[in-house]
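The first chain written gets the first letter, and so on, giving A, B, C, D and E; residue counts start at 1 in each chain.
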Amino acid sequence: MHNRRPARMLATLTLAGLFALAGCGTSGSGASGGSGNTGGGSAGSGDNTLTLGVITSITGADSEFGKAQKEGYEVALDEINAAGGILGKQVKLVYLDDKSSAQEAAKDVDQLVSQYHAQIILGPYSSGSALAVVKKADTYKIPDIVPTATAANVTQTGSKYVFRLCATSDDYAKAICELLKQQGDAKTMAIVHEDQNFGTSADKAMVNYAKQYGFEVVDDESYSTKDLDYKAMLQRVKQKHPDVIYFASYSKDAVALMKQAQEIDLNAKYFTAAGTGFSVGTFPQDAGPAAEYTLAAGQWDPSAKWPGAKEFYDKVHAKFGDYPSYHDMEAYAALYVAKEAIEQAGAYDGQKIRDALASLQMETAFGPVHFDSTGQNAHPVIVTQIQNGKFVTVFPSDAATGKLLPTPPWSQRK
Amino acid sequence: MKRLRAWILPILVLILFALIPFTASFYYQQIFFYIFLFAGVGFAWNLVGGYAGQLSLGHAAFFGIGAYAYALLAPHIGTGPAVLAAAVLSTVSAAPIGLICFRLRGPYFALATIAVAQLLLVLATNQFKGLTQGAAGLLVQGMVPDPSLYYWVALGFMVVAFAVTALLATSKTGYYLMAIREDEDTAQTVTINTPLYKLYALLVSALLTGVGGSIFAANLGTIQPNDVFSAAISNQVVFLAILGGAGTLYGPLVGAFILEFASDWLKNSVANVTWLGDANAFAFFLYGLLIVLVVMYMPAGIVGTVAKWRKGRAAHVHAQRTTAGV
Amino acid sequence: MLEIRDIHVYYGDMQALRGISMEVRQGEVVALVGANGAGKTTTLRTVSGLLRPKQGEVWFEGKPIHELPPHQIADLGISHVPEGRGLFPMMTVEENLLLGAHLPRVRAQRRQMLTQEIYPLFPRLKERAGQLAGTLSGGEQQMVAIARGLMSRPKLLILDEPSLGLAPVIVQEMFNIIRRVREEQGVTVMIVEQNVMQTLQLADRAYVVENGEVVLSGDSRTLLDDEHMKRAYLGM
Amino acid sequence: MSTHNEPLLAFDHVKKHFGGLFVTNDVSFSVQQGEVLFIIGPNGAGKTTIFNLITGFVTPDEGDIRFEGESIKGLKPYQIARRGIGRTFQIVQPLANMSVLDNVMLGAFAHTSSKHEARRQADEILDLTGLGKWRDRMAGSLPLAGRKRLEIARALATRPKLILLDEVCAGLTPTEAVETIQLLKQLRDRGVSAIGGIEHVMRVVMEISDRVIVIHHGQKIAEGTPQEVTSHPDVIEAYLGARLEV
Amino acid sequence: MFLQTIVNGLLLGALYAIVGMGLSIVFGTMRIVNFAHGQFVMAGMYITYTLFTAFGLDPYVSALVSFVLCFLLGMAVYRVAIHRIIRGPEMNHILLTAGIGLMLTNLAQMVYNTNQLTINLSYSHRDLVFGGLRINIAYLISFLIAAVVAALLFWFIMKTETGRAIRAISQNAAAAALSGIHVTRVTMLAFGLGIAVAGVAGTLLLPIHYVDPSVGDAFSLLAFIIVVLGGMGSILGSAIGGLLIGVIAQLASYYLGQSYSDVLTYVVFLLVLLFKPSGLLGRSRV
C-alpha cells in the first residue's frame, strides 16, 4: 500500500506540470500580442478599440475551412484598421473555437456575450454550428452574420437576427437545374451526397428542385467520408444510367468519387456538384484527368467581375501563401458588412445593428449585399467547369468566362 | 444524528449552486448547465457502470433517443409530455438493448454497447432520415421561455438523478447491484435475480439519460445525429464518472466539474499557444493522459480514493486502539 | 541447496504465509503436507518466483532468489510443475515438452533429450506426441507436466499435487516415476501432496503446514507416527 | 405440498458430462429433513459438480433433482436459492469490496426490503457465527477462516432449508474446523439440513454427519454411516490408496 | 456484377483482415483489450505519408518502416502503461487504451492538423481486367501483402519458438513463466508485433484512403468485430473474418446502399456475439 503513494503523487505532479506548461505558453504568446488574444475580459468597446467576436472552427473536423475563414477575416481586418477602423476605433477580433461542434458553438455565443459584451456575432463556419449559434443569438437579440453555412434551415428558425451572406444549398441546386434546363438534353438524375449536414442539405434541396424542373431523380445515394471505397455505390448509380450526377462532397471524397467513377467507367452527360470539394483549389490537381469537365456550383471565383475580387486573391496569397476559395472571401466580406452595419447604426448596439443590417444595401468584392426578410442575401451562384485543369465560369452567361464543354465518355478521353 | 450530518454537505452544495446564477455570468451558467447535465447523466450511468459494474460504452444510444423523442414530439404534444415521452421511449428502448447486451460479459458487453450506439447513429443519419432529417439537423423547441432558466432545469435534473441513484444505491437494490459487480455467481446464490436487476438498473439509467438528452437538445435548440448519438457523448459520461469515482455517490458530479472546467480553462488559456499546433488537440491529449494516469494510479477515482484514504486512516486508528487495549 | 527463511506472503491484504522456514538438501525428496489452503502451494509459488515474499528470503545454491522473476529462477535449475498441471491445452504434447526446454541453456539439445530420455521414460507420450494436450486423459496430462518439468534439466523439481484427480493405479505409476526420476537423474524433489500416506512413504523428510505456518517437521517415518498427524490428516 | 416419504432433496440418477468425460455418472442420493450429509472424495472427484448441479450452475444431462418434492432441474441458480438452498463455494468468494455486514445483509434482503430489518437480521447472524468483531471490515481482508465463515453467514441469512458447504474444512486449522463443525451442529438444531463436501475423512466431521457418501471419478462408490463408509473396502482402495488405518 | 462485388469485397476484406490480424494477436491471443488499435493503424498511415512526402518513399517499401516503428511504439506503450494494468480487470484495459487512443489521435492532430492527407501513386487508381473482372492495382497489392503478412504471422506464431512462447502465455501464463519464458518480454513482443501489423495495415490503407487524426476511431471497432467474428486467438480466423466483413460490406453497399454496409456489419457483429460467441474458427470460451 505504501509504495503506491509516491506513484500517485508523481502522476499528480506530472499533470500539474503539464497544465503549468500550458499556462506558461499562454502568457508567453499573450505578451507577444497579436489579434487573436482572448485572454481576460476586455470590454466589448474600449476607449479606442472595438472588439468583435468571431466563431469559427479553429480545431476539429472543419478546421481546414476555419483556417480559410480566418485568413479572410485577417485581410479584411488589416484593410479596415489601415483605413481608420470602425466608428473611429481600431478593431480587434476575438476568435472563439467551436471545435467543429454545435454544442461548443452555442457556448461560444454565451462567452462572447458574457465576457466581451458582443453586440454582433460573425460566424461560424458549418451549418450544424450555425443553427445552434442562430438559435442562441436570437435569445440575446443580437445579430449574427453567417458567412459560409449553406444549409437551408439556417434561415428558417424564425429568428429576426440571422443574416446570411452566402447563397444556400437551394441556390446551388437551382443554378444547376437552370443550367441543365438551358442545355435541354438531360432527363434523369442521380444524387450522391455525403451524409453529414452539408451533403444532406444539398440532397434535400436538389430533390426538391429536380422535381420543380422536371428531372427524374433515379437514384439518391448517401455515403460517409470515412468509407474506404465507393465503387459499390457508384455501380448502383451506373445501373440507373442517369444523364446527370449531382455530388455533394468534401474534398478527399470528391477526388476518390471521380477517380472511382473513371475506374468503373461510370458515364454521365453531366457530372455536377454542390461546390465545396469540387470547388476547392486543389481539386483539379488531386483528381487529375478525372476532374475534367466536372461542373460545380459555387459562390465566387477570383475572376468575378466585382471590384476587389482579384486584389483579395492576391493579398491572401501574399500574406498566407494559400489559394483562397469562396470560404475566405465570404469571411472577408462578412467583416465589411459588419463594419457597414455598425457605422450605419452609429453605435455598438445589437438592436440598432440588426436594423441597419435589415435594410443594408452595399457592394462588396463578393458582390452586392442585400438581405431579404428572412435574412438571406440574394447572392448569385455561378457554375464553373474544369477545363484543362482550370476553373472556368460557364454559368450564368453574364458572368461566364468560357463555354460549357460537353462531357465525353471515359473511353473517349485521352 | 449521523444521518443528519450526512445531509449537511449536499445541502450546502445545493445552496451554493442555487446562488450561482446571481453571481456568475451567463457563460458560466452555461458551463454549470453542462456540468449539471452531464453529472446527471453520469449518475445515471453510474448505476449500470459503477454500481452494477457493467461497463456500458454506449449510453449515447439513450441520450440520442431521448433527444430525438423530445425534438420530434415537443411541437405536437407540448414540452412536458415530450419530456415524458423521451423518458418512456429511452426506457423502452433499453429493454431490448439490455436483453441483447447483458447476455455478454466483460469486454464483449462493452463492445456490444458500442455497436448498438453506433448502429443507432448510422440509422439516425441515413435510414431514418425521413424522421430525423439526418445530419441536416432538427430545430428543437425550447423547454423554458428564458434561456437562463436552463440552469435551473439542469440543476433540477441533476438533483433528481442524484436522488434516484442515491435512493437506489443505498437500498436493497444498491446492495444487489454491488453484489452483481463483485461476483455474479455468488449474487445468484443469495437469491438475486441478476439478469433482472441488471436490466432494472439499465432501465432506470436509460430513463434518466433520455431525459438528459431531451434537456440537452432543448438547450441547444438544434440537434443532428452526431451531436447526440456519438461515441464522444458515451465516452464523456464514462470518463467523468470514472474520474470522479465509479460506484461512488458523488463521483460523477466531481468528475463533471473537473472535466468541464478543465476544458473551459484549456480552451481559453491554451487556445493561442501556437507551438502546440492545435490547442484543442492538446487539451484532448491531456484528457487522454488524465484517463491513463487515473486508470494506472487512481482506479477508484477521486471520490473513491479519498474515501479509501479516510477509511484506511479510520482502520489504522481503530487498530491502534485495539492493540493499546490489549 | 534450497533454504526458505521466514517468508511472509500476502494476497492483497490477506496474509497467506506467516513466517515459513524450511530447507531442502541435495538429493532429497521433501514433502509439504497440510490441508487445502494451508499455504503449501503458496510456498512453492514463492520459491519459483510466481509470488514475492513481503518479508523473508529464499536462497538457492548460495544465492538469494526471492527477488528474481520466475524465468530466471527456472534458469537456475528449479522446475516447478504447478497444481492442475499447467499444460498448454491447445498445443500438442510435443510442443508442450519442447517448451519445457525453452531456456537457452537446454534448447539446443532438446530434441535429442526428447528422444533419448523423455520418451523412453514416458513411452505413452511418444504415441501422443502430435495430439493436443488438452485432449489427453488426466494421467497422461500429469505425465506431460512432469516430463515438461524434466525437460529443463532441473536440479530441483517441484511437484504440486501430482496425484490430483487420478485413479489409484495411475497415482501408483506417478509415484513410481517420481522415484525413478530421483534415482536415475539425481534430481532433488520437493512435493506437495494431499495423499499424505503415500507421500510420506516416498519422501525423506516432510513439513506440515497449517494456516500459513510450519507446525511440524522432520523425518517421514517419525511423522507417520505423530499423533497430531494422525488426528488431523489421516482421519484417525 | 410434499408427497409423503419424499426427502427434502432427491438427487436422482443424475448424469453430467463435459466433452465426453463424465464428471457425474449416474449418481443418486437424498437428504432428509434435518439431516447432515457429507460427500467425501478427493479433489477433482466431482463433489463441486454435484454442488453446481444442485444449485443450478450446471444443468444435468440426465436424471432429475427434486427439492421438497418438486423438480428444480433447469431452474436458474437464484430461483433455486429462493426455494431455500444456500451454498458456499470451494474457493471462497466473499464480495471483497463490501463489508462483512454488507455481505450478510445481502442474504437477509432475500426476505425483507428494509435496510433496517436486514441489518438487524444480519447482526443476529453475525453474532451467531462469531463474526461480530469483524462487522465493518472489508470482506476481502479477513483471514481464510473468517471468509469461510462469512460465506456460511451470508448463506444463512437467506434462511435456507438446506445449505451446501463445498470443502467446508479445507484450509482450516483443526481448531477452526472444530469451530465450524460446532456451527453446523447449531444449524442442525435449528432444523437446517446440510450437505458438506470434504476431501479427507476427518473424524470431527464424521461425528456430526448422519450419513456419508463417497464420490470417486464422478461415481458414488459408497454410502452409509461414517463408520460403514470408512470400513468399506472400495473406499479404502479407491480413495485412500492401499493403506487406511481408521 | 455479383462476382465483381464479391471480388471487390475480398479485396477490401484483405485490408480489413490485416487490420484485424494485429488485434488478433493483442486481444485474441494476449487478451489485452486494446481500444487504441485503430489509432495505431492511423500511426502507420502517418508514418507512410511522412516518408512519402519527405523522401518519396514508395508506401509498399515504407511498410517495413511502419512495421519497425510501430513495433517499437507498441513495445514502449506496453512497457510504460499496459504492463502495469495487464493483470487488472478488463474494464481498466478498455479505459487505459481508450486514453492512449485519445492521446495518439490528438498528438497526430497537433502535428498534422485535421487535414485529410493522402498520397497519389501513379498506379493506385489503375485496374487490371481479367475477363470482365476489374481489379484495382492498389487493392491487389494490398491483398497480396496482406496474404503474405497473414502467412508470415501464422508461421511465426505456429512454428517459431517465440510464437510458441506467445501461445503458451495465452494458454497459461503462470506455467509459461515456470517453463522459463520471460513473460513480460514476450508479452511486450507480442503486443509490439500486433501494433506493428496495425502499422502495416495503415501503410496499405494510405494509397486507398486519406488519413486524418480521427480515422482510427472507425478501425478500432472494426478490428474487434473482425477478431470476434473470426474467433479469439485464431490468426486465420481473423483473416477470414476480415474477408467476410469486406464481402458483407460490399454486398450491402451494392444491393442496399452504401450506408447499409455499416448497418449490416454491426448487426452481424451483434448476432455473432449472441449466437456464436466463439466466432467462426475459435473454440468455445468455456
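FYI, contacts are C-beta pairs under 8 Å (C-beta built on N, C-alpha and C of every residue); 3 or more make two chains touch, one makes a residue touch a chain.
Composition by chain, UniProt nomenclature: A = Branched-chain amino acid transport system substrate-binding protein; B, E = Branched-chain amino acid transport system permease protein; C = Branched-chain amino acid transport system ATP-binding protein.
Treat the numbers as computed from the prediction; the structure is a model and nothing was measured.
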Query raised in the report: So which chains count as neighbours of both chain C and chain D?
Result: none
**Report entry** Touching both chain A and chain C (chains)
**Finding:** E
Report task. With chain centres taken as the means of their Cα atoms, state the distance from chain A to chain B in Å. Result -> 35
Query raised in the report: Once you find the CA centre of chain D and the CA centre of chain E, what distance in Å lies between them?
Result: 49
Query - Geometric centre distance via CA averages, chain C-chain B, whole Å - result: 51
Report summary line: Multi-chain touching residues of chain B, meaning two or more other chains, are 125-126, 276, 278, 280-282, 289-290, 296
Requested in this report: Check each residue of chain D and list the ones that touch at least two other chains.
Outcome: none
Query raised in the report: Which parts of chain E, given as residue numbers and ranges, touch two or more other chains?
Result: 109, 113-114, 257, 259, 262
Query raised in the report: What is the complete set of touching chain pairs?
Result: A-B, A-E, B-D, B-E, C-D, C-E
Report summary line: Touching chain E in the complex, chain C uses residues 48-50, 69-71, 74-75, 79-82, 86-91, 95, 98-100, 102-103, 107, 148, 152
**Report entry** Partner chain D, residues of chain B touching it in the complex
**Finding:** 170-172, 175-176, 178-179, 182-183, 185-194, 315
Report summary line: chain E contacts chain B in the complex at 27, 33, 81, 84-85, 88, 90-96, 98-107, 109-111, 113-114, 213, 217, 221, 224-225, 228, 257, 259-260, 262-263, 266-267, 269-270, 273-274, 277
Report summary line: Residue positions on chain D within touch of chain C in the complex are 42-45, 138, 140-145, 167, 169-174, 176, 199-203, 206, 217, 230, 237-238, 240-243, 245-246
Query raised in the report: Which part of chain E faces chain A closely enough to touch in the complex?
Result: 1, 4-5, 8, 12, 15, 109, 113-116, 118, 120, 125, 127, 134, 136, 205, 208-210, 212, 214-215, 218, 250, 253-254, 257-259, 261-262
